[in-house]
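You will see two complexes here that share subunit A, one where it goes with subunit B and one where it goes with subunit C.
This part shows the complex of A and B:
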């Protein structure tokens, strides 16, 4: 693969950063429209209750109130990501299923009026018994949350490959452990907000979202509006992390209010509402049984994993599967059985998260270390032995193409002198390693691919039009950089139109790690098609061969005779003269097995490619307080090729915070159906002073299909950083963790247990 | 409702406003003066996304009432440019890759500005301590700390 690029691989300033450092960047809550109203939502005070009646009459009489709605004003259509998960009315009319659920809403001229009107809405509830723990929820006689789901089992993923029981019987060493983890808060800095503006039969919407096209489709269904009448517009997003992938109740609320009032409506959730009533993250309990040969080869895995899904399906089939897949994409499992259960409870709705699955993944890795130690093998060798290599096929039949797993293990362990330090640990200090793979995209039917339209304007500047969306990770800048490389036009001269459903084509969005591999690939193809047209005209004009034409800094030139050159703008004007303007489209559709289905057919090619990573945490534990200090964190990531290494490092650094340090500090706390830490004082997002020194290592495996060899950038660290921390604590204490986060109380329990064993 | 007359100077412009007694400085800046760079993220002074500089001190504008700062000189992120030139902090945040989603960026920059105005070339430790008043969910803070160090060098 060519390696001397003009701009790909360079540490460029992100295209969106100027607006963000000057305060000019607009987010949803910043939008001002003429006659805009303030929306406010009345929420359920009960975890489970029948709705007897909702009376909006008195609220509507408050001066300044322009609309009031409840589920009785909607169409009774239930939302679900899949046909078989359509269980979420968004505004319920039968019963409420969690504290904080949207019940009714008003739009008024100002916030005070809207809040006053909310207090006049009368809802008669008939409280029902509620259940909060998934084990209780699965028992006979537990309150049934959805009539059609017996024992409240929402999703059961069953995978059975090879002969697990037989292999387990023959294994030299078998171990079974159960690990738990509290669900985290996404805690994106921007509380959810939506602006809806209905006029002339068209509904325009702005909200932080990770996929404008899927959002528009969902709202067109829920509102019985033709898809072309629902237009999601581009707006900056203040973080998503998986929490903005799906249509939200607020989208329906603001839309109904705007349609009713005939005026734009802005609904901004408070920090607490964002925590209780946008999505939450699953609490997980994972029972992991592993069989190993004497030489450390994993011969069998048997899993039973319970996910507390909260009140509705959300992305349930995906969330119940992903922790298993990212693990089987990393290691070789000849025999494996996975039973994942997502269980309904009367808690908020749980969805996918960038760091999803920490009990399962950290549990697997920490258990592997203990078993390997018993066999006299260290964490590096056990991972090298069982890790997948290029060309291998996963247990559920995904072929691995480019794979730098081995290189990430070696680079990270050499950088930290891992083997020696792991073997010669002193006191309560420890070092631990976590590995993972991530699929770059997953099956989403015809939405799995992306398209781009590019036109070169008569001033030699370019405009890109793509459905791609940026939630802060730098996708916009990434595709501008890719286009700049192909077209030889400086980044500053490329305009991007994106994430607007009216003018852009379908794109998988920013929640399946597909933006670089799929979205940027479509941009590359479109720009290569435009480039051919530029090169053809330039070759004629400069009287050289097309193969001799280079494009750089807005110029077309002869590579052999660099004095022969002309501005691209002249080429474009010539093209206009010929009646053939320089414009092109390009698409990329990944190699995915579309027969594959999360529940009914869990095998086949999952994604076009996979990225890999290894993280290493160093910890020291205070024996008095149980507090974990983490002085240093090293992480190596095979992202194919870093289009912008500075952006990839930023993703990796953030993942160390959001998954690594979070393994010590973060978790939602509950009293039955009440979330106890919905704000940013009680929920411990790590601060600058909590962070270790971070060392990032980028490994370039140069994927044959990726744009310039690129794959997903950064997410592997989100899914192995907690494993590194858990393994470091195991190294320090000789014990496995029982539950994340590893707050001082839990660490002290581990230390007590250790003493108990010794005494 | 009885309103209160307040004089505030924001980004070198004088404003005479009639504000409600419970109106926060953040609301005044965002809704009355259309300065939406300061963000509302927690509404309880926990995260620092709304930080602006009031009389040289970084202040969480979501928990300060406008009526409390009568007579104050206020700088927001929109007022950082001088003669059309970016402030060294703004440049350094861009060049070091310290910006991701951007929602905390204004508050981070204003917190750092107050530090650099009172202390030339702060140590890394001082920077970490100072910006630990603000939450960023994206960056892991590493590049933010590097950006503040870089700006400190340029300004010294």
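This part shows the complex of A and C:
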């Protein structure tokens, strides 16, 4: 693959950076429209209760109140990602299923008036028995949360490859452990916020979101509006981390209020409401049984994983599957059985998270280290032995193409002198390693591909139109950089229109790690098509062969005779004269097996390609308090090729915080159905002072399909950083963790368990 | 979350502030840095009709040595300025460390030492919005009839989370209170009521105006248990100040008031005894992000850590 580029692979300042560091970028809460109203939501104080009646009459009489709604003002339609998961009315009329569920709402001229009106809404409830623990929830006689789901089992993913029991019987070493992890909060910078404006038959919504097209479709269904009447607009500040992926109750609430009031409505949740009433992360309990040969080869894996799904399905089948897939895309499992259960409880709604599945993934990795140690093998060799190589096929039949797993293991371990330090540890210091593979996109039906339209304007500048989404990852800057490379037009001269359902075509969104591999690929193809037109005219005008034309810095020039050159703007003007303006489209559709279905047919090609990564954490534990200090973190990432290494490193750094350091601090705490830490004081997002020194290593496997060889950049670290921490703690203590986060009380218990064994 | 409506008054003197308070018949709150009060009002945990701002009272902003051998610290002195006062660093290392461990520097620049001492007690089930608390049910501290943490408890178990009151207590600090009925000076450890609904023995309308610290050099340390190394309130905190062979230790962050321990002679035996007593006396409950039993054990462990550090640093 060509390796000498004008701008791809260069450390450029991201196109969105200046606005963000100067505060010019807009949050949703900053949006002001004429006559805009403030929306406020009345929420359920019960974890489970029948709704007897909702009376909005007094609220509507408060001066300044322009609309009041409940589920009885909606169309009785339930939302779900799949036909078989349509169970979420967003505004319920039958019963409430969690504390904080949206029940009714008002729109008023100001917040005080809205709050006053809420206090006049009268809701009669008939409380029902509630259940919060998934194990209790699955028992006979537990309160039934959705009538159609017996034992409250929302989703059961069953995967069975090879002959697990037979292989386990023959294995030299077998071990079974159970690992738990508290669910996390997305803790994005801006709490959930939306502006809805209904006028002239069109509904416009502004909010940060991962997939505007899927959201528009969901809202058009819920509101019985034609799809082209729902337009999702673009906001790229506020953050998502997976928490803005699906349509949310607030979307419906703000839309209904705006339709009723005939005025725009802004709904901004408080930090506490954001935690109790927008999607949070699943609590997980993973039982992992592993069989190994004497030489460390993994011969069988047997999994039973339970996800606390909260009150509704959300992305149920996907959330129940992903932790398994990212692991089987990394290691060779000749025999594997996975039973994943997503269970309904009377807790808040749950969704996918960038760091989803830490109990399962960290548990697998820490257990592997302990088993390997028993066999006299270190963490590096056990991973090299069992890790997948280019050309191999995963247990569920995904072919691995480009694969730098081995290189990431080697680079990270050499950088940290891992083998020596792991073997000769001193005191309560430890070093640990975690590996993972990430699918770059997954099956999303006809929305799995992306397309781009590019036009070159009469001053030689370009406009890109793509459905691609940026929630802060740097996707916008990435595609501008790709276009700049192909067209030879400086990044500053490229405008981007994206993530707006009115003008952009379908795109997977910032949802399945597809932005670089799929979205940027479509941009590349479109720009190459436009480039051909520019080159053809320039070759004629400069009287050289098309193959001799280069494009750079807004100029078309002869590569053999560089004095022969002309501005691209002249080429474009010529094209206009000819009645053939330089405009082009381009698409990319990844190689995915669309027969694959999460529940009914869990095999076949998952994604067009996979990224890989290895993280290494170094910890030292205070023997008296159990508190973990993390002085250094090293992480190597095969992202195919870094379009912008600085942006990829930024993603890696952020992932070390959000998954790695968070593994010792973050977790939702509950008192039955009450979330105890719905705020940023008691929910412990790691602070700057808690951060280790970070060493990032980019490995370029140059994917044959990816744009300039690129794959997703950053998510691998989000899904292996906690494993590195868990393994480092295992190295320091000789013990496996029972539950994440590894707060000092839990670590002290591990230390004492160890002493107990010795004594 | 928006603030509810209240009247805002800015006092120019202590006397004026007390007069404003009188005008509002006890429904007013004094405001200094606001880092404790404003969140309480936003959460509707405090619903004053008026807020009397003390920030402009110049007489409360000074740190001075006076002849009687005291350091007098005005209640409006910010935590950050106090931390950077050379006398504090030289004479009162325990206080220096507790100030440094308070929240983060940005909030240290806003928060005052008077406000830090008179901050309300905390509980994971108390510092929440009205909506959250309504769903959970009101506890003693909110005027309800039960504790939401300990079933059948007869009292409130919220935690007093000032980092600096424990270190000031080890330094034998006193506080001056000025109110409608004149002024009085009391030992800091005597201002705690032991009642979560109203944790301080401060009369209605009284203002804490000064902190008086005996100006004698000490060695000292402050050990704080927290999940993150900034921002967080103490889950347990132990301050130790040493003068000669004697030490005073004070435990905060667990329960309604700091607890003081005197060590007449510092040696292995007295340290262990004090640590055991601290462990036995600490009665934490499950109202923070870490388990109660762990915090109980850490209270004793932090004492050992703090004393060890003082002795090691003393040897340097």
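General remarks:
By definition in this document, the second predicted complex is superposed on the first by the 759 of 759 C-alpha atoms of A that agree within 3 Å, B and C clash if a C-alpha of one lies under 4 Å from a C-alpha of the other, contacts with A are read in each partner's own complex, and residues count from 1 in each chain.
Here is the rule we go by: a residue touches a chain if its C-beta (ideal position, glycine included) is under 8 Å from a C-beta of that chain, and two chains touch if they have at least 3 such contacts.
Here the structure is a predicted model, which is why all the values come from computation and not from measurement.
With both complexes brought onto subunit A, simultaneous placement of subunit B and subunit C is permitted, the two fitting side by side without a clash. By the document's definition of touching, both partners, subunit B and subunit C, reach A:687.
In the superposition on chain A, contact is made by A:677 with subunit C only, not with subunit B.
After superposing the two complexes on chain A, the angle subtended at the C-alpha centre of subunit A by the centres of subunit B and subunit C comes to 40 degrees, rounded to the nearest 10. Of the two partner chains placed by superposition, A:466 touches none, neither subunit B nor subunit C. By the touch criterion defined above, A:504 lies against neither subunit B nor subunit C after alignment on the C-alpha atoms of chain A. Look at A:512: by the touch rule set out above, it reaches neither subunit B nor subunit C. When the two structures are aligned on the shared chain, A:237 is found in touch with subunit B, with no touch to subunit C.
When the two complexes are overlaid on their common chain A, residue A:45 makes contact with subunit C while staying clear of subunit B. In the superposition on chain A, contact of A:270 is made with both subunit B and subunit C. Taking subunit A as the reference chain, the count of touched residues is higher for B when subunit B and subunit C are set side by side. Smallest inter-chain Cα distance, subunit B versus subunit C, after superposition on the shared chain: 5 Å. When both complexes are aligned on chain A by C-alpha atoms, subunit A residues 270, 679, 681, 687-690 touch subunit B in the first and subunit C in the second. For subunit B in complex with subunit A, the touching residues are 30, 34-44, 46-47, 49, 76-78, 80-81, 86, 89-90, 93-97, 99-106, 109, 128-129, 131-132, 134-145. Within the complex, the subunit A residues that touch subunit C are 43-46, 99-100, 111-112, 115, 270, 272, 276, 624-625, 665, 669, 671, 674, 676-679, 681-682, 684, 686-690, 743-745, 748.
For subunit A in complex with subunit B, the touching residues are 11, 13-14, 16-27, 29-30, 32, 187-191, 236-239, 241, 268, 270-271, 471-474, 646-647, 649-650, 652-658, 679-681, 685, 687-691, 694. Residues 1-2, 5, 104, 124-125, 127-129, 131-132, 134-136, 148, 225, 227-233, 289-291, 294, 298, 301-302, 304-305 of subunit C touch subunit A in their complex.
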